[in-house]
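Chain IDs A, B, C, D, E and F follow the sequence of writing; residue 1 opens each chain.
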């Protein structure tokens, strides 16, 4: 009965470590959030599944020769997957609302304060025993405040790969929680009168503007922040494919099959970083806490900026759309619209909120570039 | 006229070896089966083409720097391609019939006897001079009885890469021959009265059952047979994407573009293993013979198990559906349905046969895991 | 204010070299041709974008660890991307017109004189100070006359990788210029009466002919020119998938998602070869000049061959369709049709011109194989 | 020969172990379905209309349709699931019908356009 | 502790630099839009009908449609853009028409099916 | 200089060899088509209706349609071609119904547009 013993030695029961078991429960928790709560299912489902797979004893998914090892090595540590997804996002993004009302770029800029303020928080957590965040770690954590998944994964893979799992979980969870996190902050920081402000209809935007815009964004990034060009460049490539109108085949593929395939593997690969060793420690709690702080500060600073601008602008600006500056496209814009409608049933803010919303995507890519340039080298 | 001579030296005529020529004929034969006979064309067409390409002199398709060399190295020796395809198969599989009638799992289990009995045969063939099959070789050959292409390729790439070509040819050919191999065995092992048995309508299955099922399968695999988790895990991921209903984009891509792209390259890569050196020997004849044996034994044991269960079960079971336990989805289920209809024009077995059919997929993935666990290490 | 200085050191302005700036302008020029002029946008758009990205200082797109570095290494220096695209082209090609009128193969053959004559020109340019073209360089340049993008990129990546950027730019630009380059040559070399010649309706072609044709082409290539089998083989695989009718899923994927995905990355990867160092020298001017010569000679020799054949053929041949022998599918056939219509409003040459047009694709793949066989080794 | 008989014994072991394991494993799945899933089915019945369900054959048209119709960008840069309801009410038959109807329409339209352009000349 | 206060100073620098840079950068974009793009918009107005434009949400149906309907091979082996006109001629109002046609058809079909199933019983 | 003249001789060789080879190769293809293919065409005529055939331009709609409608899983995990009949049997009366629905709608729409544009003026 040699083989029976051998078989027993090769069961999971005989080899499962407690940490692996707990991480599988975490993976199941992510699956529950994805399926039961519809929290960003497109990434959290494969990520949760990847978390389960990577913690299976013996199977060696994340060891040399394992499937997740190949996926992570080929797509995430190289940065290829988040960049390809960012290209697809670019191909899905319509900058019309932003071009029609360029002031909203400042809202997207203000909301990035959530990122930089969180840097402080991350360094401050070094006072907690058991937590040691370097400046690189802090930067990778702070980018959660950018509310942009691919950007967070890209930066984390470059600055703090061992924190990637926790950062991705936090980033996508909070993005899914935007409808819960933002409204109280919005109500706290605005008066009922402000929330009722209706905004003027946006002007129509011509095709040429939409074509030149991504090129201009790329040009400015090249001149002032080359470190952000991987993210911004791929985003602009996707957007140019979309708006140029001459490569609809490629644009469609970038928005559909290519981004879908990449998303499956990105999720699995990120999930493979959810090992007990990397996830089950106090740092993860710190990251989750900092993520919530980052989102809240970003939301608040977007709103306050909008209030400020409303005071000095000729055309009125509803401060609610400032909250959309954190990106989290298009959920944050929808939330702004919903809160606005509640205050005033004739107040349709969706299109107006898309401006700061897509500005936030650019803003956090720029912030990621700054962190890469100033922290990545050291 | 230096260059004319040089050109002659670079023709195929001047360099073609007899073995290469014969293997090209084999490749043409596979193309004929695929196109003329519609034998599993999705795999046999690229595989046959790959067999031709890999045997072209000078071109070096399977040498360093050659296209097939890259494809094989990136996708097959790593196991990535069969696993991705298995994920797609999972996304195409509906476990409803199985959940509605769980007893049919035992039919899928019984049919795996085809695999384990063939192990004996493979070892016995060592008595034939010129054939030397190790236990690993035998295991890789026996899995042909699982009647599941990706599983066979995955296992062969791990246990006996040099036999991969012949194993894949045998596996796909016999799967295509299911409508010819199975009916005589079915008629031999069942009485006309048994074949006429009508089965009760299946209960309807709820969404929650279909969502939890793949997770449960994965859980049991983790606990008892982690070695099977690459195959079972990817299958369950595909099925969960399908049934969860929250990632239709990803599920659709896994079932279509991703599986199509992977199939083209899998076929080419497998075909690249059809070199004269590896294929033109007596082992290949042995493999082909063993494959037929494996299919027949699997079919027979499935039917006999169904007869046994019919004797002790409260609800009646038509023994024909036992034959579908070999997997070969959905062809084996169709064959069962057809033979049943012949005996009794009111006897619609298709849905009932889908239960053992998909059970057979799980069963052979589990069997592959056992072989990996017990034979792979040694 | 350490970080401000650090930030300045990491701007593009502080690091941009003149050559990089000029190459970005070249990239913008390609984008303009693609979007504004609709010059082969599917390749020139990503290529132009890649040219911009690769010249961004600090970002290191084409250095170890950079996105374009990975893309080039994985897909272009291995030859995988052009071959996959060629498979897709094969899946899009209908050889019906060619099979119905096989004589037109000679037109496709004659037009390849553009390639071989350009070899002379390329070697002759060695007389210009500052230009040194080896026989490999000359061959890679001459293939521009084949008017077939993937073939040119494949050959250049094998024979002269450092010229790849300029060769690809020339090849795609001149293909887009076919409607401008060809008509004057057509009018110069044909009489008005010849241009008015109407051609007999083509016979219908059976399915079996279309299925056997790609296999026959592959067979002949294996026997006489194995060096051409990577290109011809993948092309025939695509065509066989198309015509066999048994793998429509794969054929459709090869024609759509797979070719689209590959095109995006091929364009970016080729663009990454447009560095100042490799592009901004007199060689590039030489390549552009030689490309125009190659196209013109190819067009002329196709027309002259058609005139010759018209004299000796029983059925009349309109010499205009000879110009389509350069390939540039389907633009060259359309140009022939248009010029024919101008001379005679009842003269519909499109279908007749498709014969030499697809013959030109085979012809240039064969020519590429000859160059690989005779020049590649030395 | 000795080696071979040892191999046969090994294989016999392997066969026995393997078949027992396969039966136990799939037997556990039977229990899992009968005990856990059936309870879940009672506690969480399908709220929507009953599905035809028990088919092992995949009907992909729905998935594909949704893949084609989902439109919104989301945080992860991927469309969400807002129009599920709309999706479910559109059956594959009808989609196919419309597709071909549109084709016909286009053909008519094209020929009409040709006529128009001829008339213009 | 000393290290930590140094880190705080570093972070303060970083925050200040970062926020200033983000504002300057996006401010430059504002200028770019107001100065360059608006001029371009005047010089090259859209010749076709006005687009609804200001939506951040992607409507992919057109792209997808074109992806499915483009047919010609081209030099790069990829379909070109010849049938853009045809593509654009499938306007939203036709889609709306079809949608309502489907609804009608579904109603008819449902009632017919009911009849059929009754008859079978 | 000497090198260069040697290079020219090499290139002349290459050109001659190349052109001869290309002509011979494609000439063999001509023979292949005329001798083998034409015989095959006679022995295995198309049983189905004649195809329009001689187009170098790919009409992908069929492929795509099949790609969208194939549904069954198979051993290789990929749908086969079993339900071709079902696919092709998409009943003409549904198509006709929708076609006429579109026509009606277009008529309505056209008249409505005329009205609207008049009102706008």
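Note that a contact is a pair of C-beta atoms (placed from the backbone, for glycine too) under 8 Å apart; a residue touches a chain by one contact, two chains touch by 3 or more.
Small disclaimer: the values here were computed from a predicted structure and weren't measured.
Asks: Going by the touch criterion at the top, tell me which pair is linked by more C-beta contacts: A-B or B-D.
Replies: Between A-B and B-D, the larger count of C-beta pairs in contact belongs to B-D.
Asks: I want to confirm something about chain B and chain C. Since they are copies of the same sequence, is their interface symmetric in residue numbering (over half shared, so same) or not (under half, so different)?
Replies: different
Asks: Hey, how far is the Cα centre of chain B from the one of chain F, in Å?
Replies: The mean C-alpha positions of chain B and chain F differ by 32 Å.
Asks: With chain centres taken as the means of their Cα atoms, state the distance from chain C to chain F in Å.
Replies: Taking the average C-alpha coordinate of chain C and of chain F, the gap between them is 21 Å.
Asks: Using the touch definition from the top, which residues of chain F touch two or more other chains?
Replies: Only 10, 14, 17, 21, 56-58, 60-61, 64, 67, 70, 72-73, 78-79, 81, 94, 97-98, 102 qualify.
Asks: By the touch rule stated above, which residues of chain B touch at least two different other chains?
Replies: As it turns out, chain B has residues touching two or more other chains at 3, 7, 38, 42, 92-93, 224-225, 245-246, 249, 252-253, 256-257, 260, 263, 329-330, 370, 374.
Asks: List the residues on chain A that touch chain C in their complex, please.
Replies: Residues 78-80, 83, 87, 211, 215, 218, 222-227, 229-230, 233-234, 237, 240-241, 244-247, 249-250, 252-254, 257-258, 370, 373-374, 377.
Asks: Could you pull out which chain B residues touch chain D in their complex?
Replies: 91-100, 102-103, 105-106, 108-110, 112-113, 115-117, 119-120, 123-124, 126-127, 135, 138, 202-209, 212-213, 216-217, 220, 224-225, 242, 245-246, 248-249, 251-253, 255-256, 329-330, 333, 351, 354-355, 357-359, 362-363, 366-367, 370-371, 374-375
Asks: Once bound in the complex, which stretches of chain F touch chain C?
Replies: It is residues 4, 7-8, 10-12, 14-15, 17-19, 21-23, 25-30, 32-34, 36-38, 40-41, 44-46, 50-58, 60, 62-64, 66-67, 70, 78-79, 81 of chain F that touch chain C.
Asks: For the complex, which residues does chain C have touching chain A?
Replies: Touching chain A: residues 3, 6-7, 10-13, 15-16, 24, 28, 31, 34-35, 38, 41-42, 45-46, 49, 52-53, 56-59, 61, 65-67, 70, 256-257, 260-261, 263-264, 268 of chain C.
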